[in-house]
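The structure appears right after this line, and notes come after that.
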């Protein structure tokens, strides 16, 4: 299957290149970069020397004739312009940006401060949280690949929400992210000397992953709650590392009689056919390094009988399960390939 | 004033040495180390070459004749054995460990898994949170210097608790700490290759700072709440840096009409005579690097009208305001010196 | 081909596990650990949860009946005891430790402060620098897998030494290593707070890689120099990162007329059939991150006409080309498989 | 003494602010920034909240009427324009940039790719390596504060060069620097995700510190060597830390009979009246963290009898002894104050 990547100079793209290189059924035929068109990829990424001879190109729909799937690893606001063109040409689109994630255009406009894509196309997009929405992903032409924080959060929350055990109005998500999540565009915020030996909170109350998380919590909690619009508190922090996200998620149980064992059992059962989610034994919690370079999402659970609160520790590699890895997983799903194809790598440890 | 340090090889001790060296009214005359007695301090800490010629010694109460104040920078379980001896000799004790922080011996035994010190001495100890309990600290002979997480947490919470604006049963504290908080004792947990490029959660539900925080929340919330035993959820994380603690603290407001401006104003007023607490303008949040090497505690506030929750971002240097710096601040208080004496240094940035 | 790993709890072993897992022709059947025998591997390495169910075992030659190749990822002094047993049983041995690297037992005794293995076995060992000694490796039963620094150094030096262009009496090697090279054993030297924000020189004049480098420089320079015992200056530094080694190597050219272009051309030609060595275009130099997680050795060259000196920048991932990766490369060689088998991964960037 | 800083938004300036704040005899009255004029300093550097109320200003010589000394913490090319103005006004200038360091204008033009300042002013500048040229510094009006690498290098080399024990034609300097040396201007080179877990060599053969080092080696070696133009090999590397420089310096001894003890003794004697240079006992070497936040330069020595080469390990904090700290030291010298005034701080460890 011939694939193209749009947004070729960012970290999402370079991770897609790494993964497509080892994928047995997909072949990368084009890398498109607005800013670096014409350059050889190894000029921009010397670690690809001798590996890829692809010349980067600027976008031109005519040149995508043989391409069957396009990955968008673009900043917000780009894919909503280009996906309609690709869609009309019959090319499947997997969008790593946020342009197609929010069903309600008003929400996009509020949080992204930009006009939304036409409903004509938005309605065709499926939210690509692979383990949860695999069925719908299979037949979709436009996949809105989830954000990194929402992936870690929703995989941890959906099983308990579906059971109706959690008071969804009490959810607090404390996210810690490595700096690669901010991309390769330079800024004072990501200047080495400002980040190293530092923890920073950022975008309190303004992060565009808030509506993405809420939309899916709402969808999953229908039937259990009267109020259909649960709001979360979501705080993001930059920590001095390159890769990895941890979401520490807090919520109040609906019922004091739910035991830790019961929750763990439910999670292990929920994910038993999903090889990329690993539920840790009770009393142990995953660290971000334990999934680095891999497509795993590892989840640890703590239940505090003193407060009736449950805590989830959910970790992913933000560039893998939080971006390129899940995109490849979705590629596998739409093609009916084993979900693990090209994604079997063990975490790189230490 | 002649001072001694017990526990001379740890990071708390070495920070005390740094601070006492520049303190105009205190003189370090003895450094006591169980394991390194007999060695010159520059053998253990080469960065002190040419600076300190002190020979480390093992503990012997007879040798402390001229000492007027002793700092305990010892692991849990040591000061409870030695402080009674010092106290009887009339030496003032500032204890950086947790042995004298919990008023209720049963609590100490439960969380520290060790027998508590006799009430005879425990009752004489004052909890040394300088800005809050300065009055009582002034006359105390035994100061239980607060833990690092409780310092960052309580300075952020006490003003709002005293106003009665916070539902103290909803407090969730998400702590992120640099690794120096774990001390200089080697372990796989603090092995470089295990910590670097990693975020780890640890001691969920078991951290000994939980009862320390709860005891003081309870004390401060008396009069406002019926239930006198509020429980907090407290999760600690190691992040890959040496110094710094951030506590991100969440809670539900009691009253929707409280505005962000009102809270910020209250905090600025509360701390106006306390130079080491800096309340940030609304909409900005401190990062740990902004207090590194200094005795500041910086607090940022976010109020989310969608959820009625307030979020505090509180940062300190764990070895300074979270340990040695606050200990010196308490030394200043008990001597009636300006609280800033020897502590005026601007954060070391970047 | 059935394989076993001895020394199962170290970082070398865990990297071998990662590589064998994706190797199409090799199967890991046993992991032996002196200290953790009896434990499941995921207890020691939680990142292997759900991946490997191997139970670690203590060494027992009887249990290795079906094993055809054993990797030794052991500290110095272990393989010299166990390899003779394995050898007599007909098992091929790939030794990642230094026990079989020095041809002269007296050298081993001097630098390793330990008695050398009997010449009976030492003489059968081949120094496993894959690109250079592939022919001899093919038929060897005992492969002394090179050290990390010697790999980066010798791959950079051997082409120019073989041409006779370098004054081998002027070689100075300045090595910078990530901390994983020191292994997983805990020590104050590798304690996070001591390493972070720090560069340290260590073992000046005493590093056991000195005789390993000299032995091979001597071997390669025979025929060009009268004096057959060139000595190098070799300084090693720990830098605050987990993976990666850079050797910056200095030497005086024998002849002023040798141009930079000629050297680069010679190197590109020397390594044209060796996919894991990438010679960078003149005027660019590789960084350690550009080979992270991969088996590449990247080499940059600088020639200073002002001084007549040449500088090589040679980088590897110390756990890959500097240990486990080269071990798998040697496994491929002895089996006549394509040298890239199981090693095709692109560097993990960033 | 009233002081101004020009170049107020860089790391050199912010370190000067930190030092001037604690200096008993100097007062900072003006901070000048081309890009941030008009802003309060705490807007640009929130860690200065509540500490400094200085408003930044653009340069205007009229406003410097009361100023007696100006520190230039500007990029190359700025001070050469402004110092003549200040000089004519009778203001003493301490220039942290490279504009006045090279005596030979042709050298400046070659290495800095810019026109040199007029000899009228250049000839008045004194190279401010405090320990070495204190006499001349005392009476100078323009001080060319040394570069960070040259400081670490020259303090290590000058004693042995003055003795005539070193073959100055064999000097190789391998420098490792923290990233703050590259300043606060953003670039892909200093983007967090590119630097973290990475070691990079940069500017081989092109670093503007090469002629600065050579000029002073030449000056110091006059009388010992025939050839008056010794050339060094100098390689710089970025390592993933914020502060600190280590120079590992190699050279051939002129005479085999010189013992390690003799060298160490010579160094200790050379620097006995210079409190900021600490010569380590033979067999131990300093690490960068051991001088962090302080004005020390620590030097370790290794002599290899196998090769007749000597190795120096010289470390400084690049923002302190390598920039702002040495500038304050020079301020002390020109005023006849104790050289340690305002610079007594112990390194911040860990």
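Which chain is which? They are A, B, C and D, in the order written, and residues in each are numbered from 1.
The criterion applied here is as follows: a residue touches a chain if its C-beta (ideal position, glycine included) is under 8 Å from a C-beta of that chain, and two chains touch if they have at least 3 such contacts.
Since the model is a prediction, treat every value here as computed from it, not as a measurement.
The chains that touch chain B as well as chain D are A, C. Of all the chains, the one whose CA centre sits at the greatest distance from that of chain D is A. A comparison of the A-C and A-B interfaces places the larger number of contacting C-beta pairs at A-B.
Legend: contact pairs of B-D compared by residue number with B-C, A-D or A-C; the interface matching in over half of them is A-C.
With centres taken as mean Cα positions, chain D sits 46 Å from chain A. Averaged Cα coordinates give chain A a centre that lies 38 Å from the centre of chain B. Chain A and chain C, compared by their mean Cα positions, are separated by 37 Å.
Shared interface positions of chain A, i.e. residues touching 2 or more other chains, are given as 11, 178, 180, 184, 193-194, 196-197, 240-243, 289, 350. Those residues of chain D that touch chain A in the shared complex are 11, 178-180, 184, 186-188, 190-197, 240-242. Those residues of chain A whose C-beta lies close enough to touch chain C in the complex are 11, 14, 17-18, 21-22, 45-51, 180, 184, 196-197, 242-243, 275, 278, 280, 284, 286, 289-291, 293, 298, 344-350.
Across the complex, chain B meets chain A through its residues 172, 174, 176, 178, 193-194, 196-202, 204-205, 231-233, 235, 237, 239-244, 246, 248, 250, 285, 287-289, 292, 300, 302, 304, 306-307, 309, 311, 313, 315, 350.
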